[in-house]
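Shared chain: subunit A. Partners: subunit B in the first complex, subunit C in the second.
Here is the complex of A and B:
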């Protein structure tokens, strides 16, 4: 009998988790109504919920969502083209890998988003700045995971390819790439997450673009319920995005 | 540069006759650095791009010297460092506590882990307007940004570390009648050292980002404020110099924690 069959159903616990959130919101509402907490600091949760339809209708949330998605798609395209190609090059040329892998690791640890004023100077206050930062933020993960995936191909598979006298191109297309695809996808997903965080963050910081700009605009108008509603919307959009990419990754691993 | 053997076995052992030596790798690294510097200087001198966007290396080096020689820079650096440290202390302690509880208790994990899992990767900077309202425009909101930024990676790492503790160690502790505090200090924390340090490493990086981004948005102190001030006055060499300092500090701190991680016991 395995552990899974012995485990209790997770649903009561999940209900407690959801219940705790609802209870917390109810407590905040009660404290605000009782005047214990200042309404100019935290708006009534009921006002925040009521503000959601207004924000969606009046602030063109759909258009903003499309705009952020477009920026994401451009960053994703660049990541797939440049990141995977760079990872393949590092795998192909071992000396290049030995020389650059540590640098790429360090690049991954660098707070690239802090250089957004530099990108503003180069690309202007435009979507290109946002896409470029998203791309740079996601690039190390894609390169490193592509190299890792190709390097972890089982030696027996490579030997099978050799015994069939495959050309290097065939070896790559028929053996290395299919074997490395799950790991490459993990890197691509990580890269997209970093890109998404930076894209929304920079939209907020430079007050341009889609969902990130929405929060900035609401905050600058001192529309408290609107600000909280916009944050809630961005968090929900992020959760949806991570959930979708997670499902795609699981699907890719199965196939 | 020639292609090398692609088999993982050869790569792993490094025993291949064509394996590059350390000297060759260092030579390639030096060549890449020189090529990049020459390309930068050539673009700077060519006038292809707006002169101030790609300032000469000499002007960046001079600006770096000026930044490092200015006493007020260290005041700003100290302000940012103290905000990051305070945020890391608060967010790290809460993250460690949450991670230990979630890692030790299946029910708590089922109830709350999904929240941490999904909120973890959301862009934290979007919470900055709320933090300003709660903690003001001063250091408090930056400390809060650092705290919420580092809470999630530390909690996730601590929970994973807690689950990975060898059951034998826990049974040994219990068989000796160890109290909860003794279990925590003698069994759990020493056994979780590696994942906690890893979480701290990730947490430090995002705490620096959270704090400095908040400083670029609204502040009159800190390195983030200096960066955005250099941008506003279009003092590009100074901005490059400040970014170099920030990048070197962030990467250096990360490497320092990483080195501790790999040091044999």
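Here is the complex of A and C:
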């Protein structure tokens, strides 16, 4: 099947993707039932699926899902505003880029979640702490990819803009930004991944808020199917955010 | 910003001699450009002077390293720091000018825009309302033979089609002078000859004053009223050859005896320069420096 036919109908690819996931789950189920993997470490996937209605009914999942999603949304907004603006500044001012790029890259690899006591001191045991840690964790990826995308704009496109006598603002809006948009969105998605991991992780660590706290409570009770069912809701939130970002990217490319 | 009004009257091209005799629309006088390199000062252009009359098609041909692209960038206003003067209709220019439309050697369409949106780009900058600019863009898309491809993106087009989009985009700004830097360099020979036909047809239809930078002999003779032959580094004008082939012209002219004689005549001048360029490249490579 070629690229054109895949663009025309994405359903075969989606069916293969879903099928491979089902096959993977079936393999895990078979390994567990055969005793190759210990059921006290990993629950049966069928038990996890069966636990979903119980978790939904008894653990107030909807409220927790909304809370985690709200924290993600705030972190995403801050990442888009601050991260892209900082990336543009680094591209615009070469001195700033030379001065900061290396340590921002190092910051990306830092386990920021371990600094949660510091954030607790600053923001208290609140959603603000969780959002701040998620934001800080995702920020370097957005900054660096924004800078990379703007810097990778082909010189000839910039020359086309100059030949049409664009103002610096027009040059940015009509050429640099659209050219860099795919890379900026790659950075934004990466930033969201880091933010999501850290948001759920901090909820787990400080036993506050949404799905991370639920996972903590289920794990404390040694309710393995319930724990994994709660993790599925984290995956759902992640899928939701990625779908929304893809739609925003498509819209941004059209306009 | 741009004169996006009615096009100039459409008529057959005047005889080249008559065009050459008119006052130049583009006047290049005593152009000298030097670059400071780690090996010293490199003179890319040395006292280059010529004019292009209204409606005339002039080609600049020379070996690699003769300063053709420098000349393109200076006339287009993208490179400064030179001696001499570039003037349009008698007025000196410094920097990009609305009267000069540039078509680049490298593929330069905007991949995120459709063909029609690419071509409408200069009109968008000029503040032309969207329905009007799209209608005007459609006219230029048709002019370069891409009617029916308006809603396609550049990634869906061949290299030759993308260059035609670039040409249409530049023409949509209605520049008085069309300045092209080896726009067909990346294309195969057949496509190049056929696109040459298309450019010639457009040039004759719009009476478009055109300056083409090229290293392709057949392209220069096929399209031009005059061919300026450049020397290898420093770039100086070695000779200007009037191409007295009949108008309107198309690629059939390539098979004629006169065409062959012009090509042979220019090659005679060019061969010595190209040989110097190759020898210089080899000498630099032996010294471990960058090849010309």
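What we mean here is this: the second predicted complex is superposed on the first by the 172 of 255 C-alpha atoms of A that agree within 3 Å, B and C clash if a C-alpha of one lies under 4 Å from a C-alpha of the other, contacts with A are read in each partner's own complex, and residues count from 1 in each chain.
Here is the rule we go by: a contact is a pair of C-beta atoms (placed from the backbone, for glycine too) under 8 Å apart; a residue touches a chain by one contact, two chains touch by 3 or more.
Note that the coordinates shown come from a computational prediction; the quantities given were computed from them, not determined experimentally.
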After superposition on the shared chain, which partner residues are touched by A:215: those of subunit B (first), subunit C (second), both, or neither?
-> first
Regarding the shared-chain residue A:179, is it in contact with subunit B (first), subunit C (second), both, or neither?
-> second
After lining up the shared chain so the two structures overlap, which partner does A:200 touch, if you call subunit B first and subunit C second: first, second, both or neither?
-> first
Answer with first, second, both or neither: which of subunit B and subunit C does A:235 touch in the superposed model?
-> first
For A:163, is the partner it touches subunit B (first), subunit C (second), both, or none of the two (neither)?
-> second
Partner with the higher number of touched subunit A residues, subunit C or subunit B | B
Once the shared chain is lined up, is A:36 touching subunit B (first), subunit C (second), both, or neither of them?
-> neither
With the two structures laid over each other on chain A, which partner does A:22 touch: subunit B (first), subunit C (second), both, or neither?
-> neither
Please work out whether A:154 is in contact with subunit B alone, subunit C alone, both, or neither, and reply first, second, both or neither.
-> both
On subunit A, the footprints of subunit B and subunit C overlap at residues 154, 159
Per the touch rule, the subunit A residues reaching subunit B in their complex are 7-8, 10, 13-14, 16-17, 20-21, 40-42, 91-96, 98-100, 106, 109-111, 113-118, 120-122, 151-155, 158-159, 168, 171, 176, 193, 196-198, 200-201, 204-205, 212, 215-216, 218-219, 224, 227-228, 231, 234-235, 238-239, 242-243
Using the touch rule from the top, collect the residues of subunit C that touch subunit A in their complex.
-> 1, 76-78, 96-98, 100-102, 104, 106-108, 110, 112-113, 121-122, 124-125, 173
Name, in rising order, each residue of subunit A that touches subunit C in their complex.
-> 154, 156-157, 159-160, 162-166, 170, 174-175, 178-179, 181, 253
Could you pull out which subunit B residues touch subunit A in their complex?
-> 1, 3-9, 11, 19-20, 24-25, 28-29, 32, 52-53, 106-112, 114-115, 118-119, 121-123, 125-130, 132-134, 205, 208-209, 212-213, 216-217, 224, 227-228, 230-231, 234, 236, 239-240, 243, 246-247, 250-251, 254-255
